[in-house]
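Let me begin by handing over the structure; questions about it come next.
Labels for the chains are A, B, C and D, by order of writing; each one numbers its residues from 1.
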Amino acid sequence: MDEFDIDRPADPELDAPVLIEGLPGVGHVGKLAAEHLLEEFDAELVRRIHSEHFPPQVTIEDGRTRLACAEVYAIRDAERDLLVLTGDHQAGDGPGHYRLTEAVLDVAAAFDVERIYALGGVPTGELVDEPDVVGAATTDELIEELEAVDVEFRENEPAGGIVGVSGLLLGLGERRGFEAACLMGETSGYLVDPKSARVVLEVLESAVPFEIGYDSLSERAEEMEEVVKRIRQMEQGPTPTEEDLRYIG
Amino acid sequence: MDEFDIDRPADPELDAPVLIEGLPGVGHVGKLAAEHLLEEFDAELVRRIHSEHFPPQVTIEDGRTRLACAEVYAIRDAERDLLVLTGDHQAGDGPGHYRLTEAVLDVAAAFDVERIYALGGVPTGELVDEPDVVGAATTDELIEELEAVDVEFRENEPAGGIVGVSGLLLGLGERRGFEAACLMGETSGYLVDPKSARVVLEVLESAVPFEIGYDSLSERAEEMEEVVKRIRQMEQGPTPTEEDLRYIG
Amino acid sequence: MDEFDIDRPADPELDAPVLIEGLPGVGHVGKLAAEHLLEEFDAELVRRIHSEHFPPQVTIEDGRTRLACAEVYAIRDAERDLLVLTGDHQAGDGPGHYRLTEAVLDVAAAFDVERIYALGGVPTGELVDEPDVVGAATTDELIEELEAVDVEFRENEPAGGIVGVSGLLLGLGERRGFEAACLMGETSGYLVDPKSARVVLEVLESAVPFEIGYDSLSERAEEMEEVVKRIRQMEQGPTPTEEDLRYIG
Amino acid sequence: MDEFDIDRPADPELDAPVLIEGLPGVGHVGKLAAEHLLEEFDAELVRRIHSEHFPPQVTIEDGRTRLACAEVYAIRDAERDLLVLTGDHQAGDGPGHYRLTEAVLDVAAAFDVERIYALGGVPTGELVDEPDVVGAATTDELIEELEAVDVEFRENEPAGGIVGVSGLLLGLGERRGFEAACLMGETSGYLVDPKSARVVLEVLESAVPFEIGYDSLSERAEEMEEVVKRIRQMEQGPTPTEEDLRYIG
């Protein structure tokens, strides 16, 4: 295997598609949102990216193994053509993040993508009832557009910047001429958060635009509400440690 | 030394050999099983793989040093020709795991291997009286074959997938046209586990097939039974910490 | 992106400029000092260095993202021409530090730099009322020059040497024929320390030489005095942990 | 700078020199021993090795900085010509250890070295009154030779093998046709140990052979005896933690 090994199972013609990224991260918000898109629309796998920069690992489903990878799907039955990047892993080393992001941008360029949305969560450290969507973008025009659909842009937030592929899709993407924004749903940081994924998708719906239903995501959100309720009850009792809360879901 | 430096002490003709991997891992199950094969059969060293991706280390036996390496042995007195990969180390970095696995697959290809079995343990977190063998494989046909010899395939187990050379022999092997399976004996994860190695070998005997005795492995298993008995007694007394149990053996 | 990707927004003629480095480090002394120079003089961005050796990250300001980078500014309205290197990051890996420093030295060579000052802090472990400036340099002549402007050279201090880009600008710089010194303001190591940055700059003023005002830095120093006062009061009460003090500011 | 950057301040003709390595390690035994040789004999610096695989660091002596390096000295006034490798650092990454060792072996080959002694300590976990010297070697002949001068070869000791440049000088050296041995003085592992360095040198004197005095090393050993005495007194009182003992000296 080379540094990158990319399968091309399909190569459909797309009309000025928007790239949407949802790799694992805070509250799995981005990944949940991306996977919901793949469920709601008719998605076709167009690229599977393998790399020695991913962890040396296979995942298992019903006994079948799958080499660590990221996948790009094409969606053509939405109001606008979409490319959705998702997977189970970020890169395992710093330069790997840069190189993986460049590999993704190569795919985006091949499909004539002009705009990129990176989806994720921003940790608040406490349970959030009505999560806002915080944004960051590569151009002032895009910031204005997104403010119009209720994305909040805050002076120095998130304070630590945006790390990993999400951040670099903006940082490296801008250098290659892409317009890019990151949409981050507020989330505790302790729980897998489908509610936060939903508010991110609602903003994305207006921004791209497209229309989707939320039935399956609402179900998952309700299940999590139950978990949250139990946690709040625990909070009445002896305080749960951060460990107790870590990615329950 | 280049990135890989491979000695070729012998190059016997083998008849469609099966590659069996047993590098260090959970409970040393894979390594114990591979070493038992080398003891029971007449094994000839065919490759010794050195690499800067191994730890910077020599091991010592009776004062003689040996550079960190992995070794491949040929077995021709079994019912089917075998290649056995074993050693004292996994790779020391992520990309190193990928590259080491490719080096092993190059050896496998040179000997016309078509099928690979990676042997290992799956940690249960508690002492297991009757360990099962859990499997993962690259094809549905192989899953069926192995189910017929009592390998269990579980929906999402092991939950963390399979890491290291064992996992990549499946993940990268599949991409290069090998059929590959991983056979994982249940094991506490705290103890070197010859009993788990035995059940893995019993399954492998039926799958390959070949026939071996288990006298030496049974002895080691009985010694460990004594250790386990002492631990269970300790469990009646003050609870031993995980640290107490870590790889006693 | 290549390993290094360097923008050249301007290429002014400079007259034997002195390179001054202030990347993040102990007490942010070097970075504060470098940023004060950029405020006090008319500074022009001449190079922006991107690299996969920086953390995979964008920073955010008013919603706009900026890819991790280091920046070199030219100052021509000082008594002597200056090049100032600053940024938000050191390299993320050992070889990256070496390569990033070489990239900076390439820029310095292109502008005919002969002398380099690396600015930083030296941790004392306690609050310092009258910080001294400790020095290290590549030549005995430079040591004499700096002793004349009250820089202290101590036998084996700092005991751990100088790590990161500051250290390598001297170590690698010397090998490429630059004269280089490191000026380190004493600082607790727990607080962002504008007072320490000021004493470093005062020494630098005499050494280069140039003249600047300190109004804005004095304000920040006074704010920190307030923080220090509160800490000293805390010290009367229950002892604050190191964690309490870590980079308050 | 390239991956390795090697200065050649001198290139004397040597008569079948023996290479002796003493880089930092357990109890600084090897480094103390190597430095004692440089003090006792008339040593000439022949190579200074810089590399991005060393930590990104300069050390400071009387205000002058020195880039991280390893140094090779030639000794021609001993009974046999010697090359002594010493320095302040091991490599900072796994592959770096391999490559640094190869660079050292290239130097050894250029000087027609046939035999290599790596010097170090083997940790016993407790204070040792009469330290033995434990050995490991690449050939049985060398083991016999060293047994004759009271080096002990033990079945599986040190249990973890030999790590770092010392280990690889044997492991990689053997592959390139050098005869090599590691001489390890028993040492607590908590203290800089000149007494252990002395017993290692005494064995080396007989093995190479050459003759040296031990005045300066004896002084340092006596100073340490005082430290040890104080520790033993502390042991009568409340038990010192491992932390208390870590490299006092």
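We adopt the following convention: a residue touches a chain if its C-beta (ideal position, glycine included) is under 8 Å from a C-beta of that chain, and two chains touch if they have at least 3 such contacts.
Everything numeric here is computed off the predicted structure, so don't read it as measured data.
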Count the residue numbers both chain A and chain B use at their shared interface, divide by all numbers used there, and answer same if that is over half, different if under half.
different
Can you name the chain that lies farthest from chain D, using the mean of each chain's Cα atoms as its centre?
A
Quick one: chain B and chain D, Cα centre-to-centre, how many Å?
37
In whole angstrom, what separates the CA-based centres of chain B and chain C?
52
Chain A, residues touching no fewer than two other chains:
none
Considering only which chains touch which, how would you classify the arrangement: line, ring, star, complete or other?
ring
Which pairs of chains touch one another in this structure?
A-B, A-C, B-D, C-D
For chain A, which residues count as touching chain B in their complex?
1, 5, 50, 52-68, 92-93, 96
Per the touch rule above, chain B residues touching chain A in the complex are 91, 94-95, 97-99, 101-102, 135-140, 143, 153-158, 160-165, 167-168, 170-172, 174-175, 182
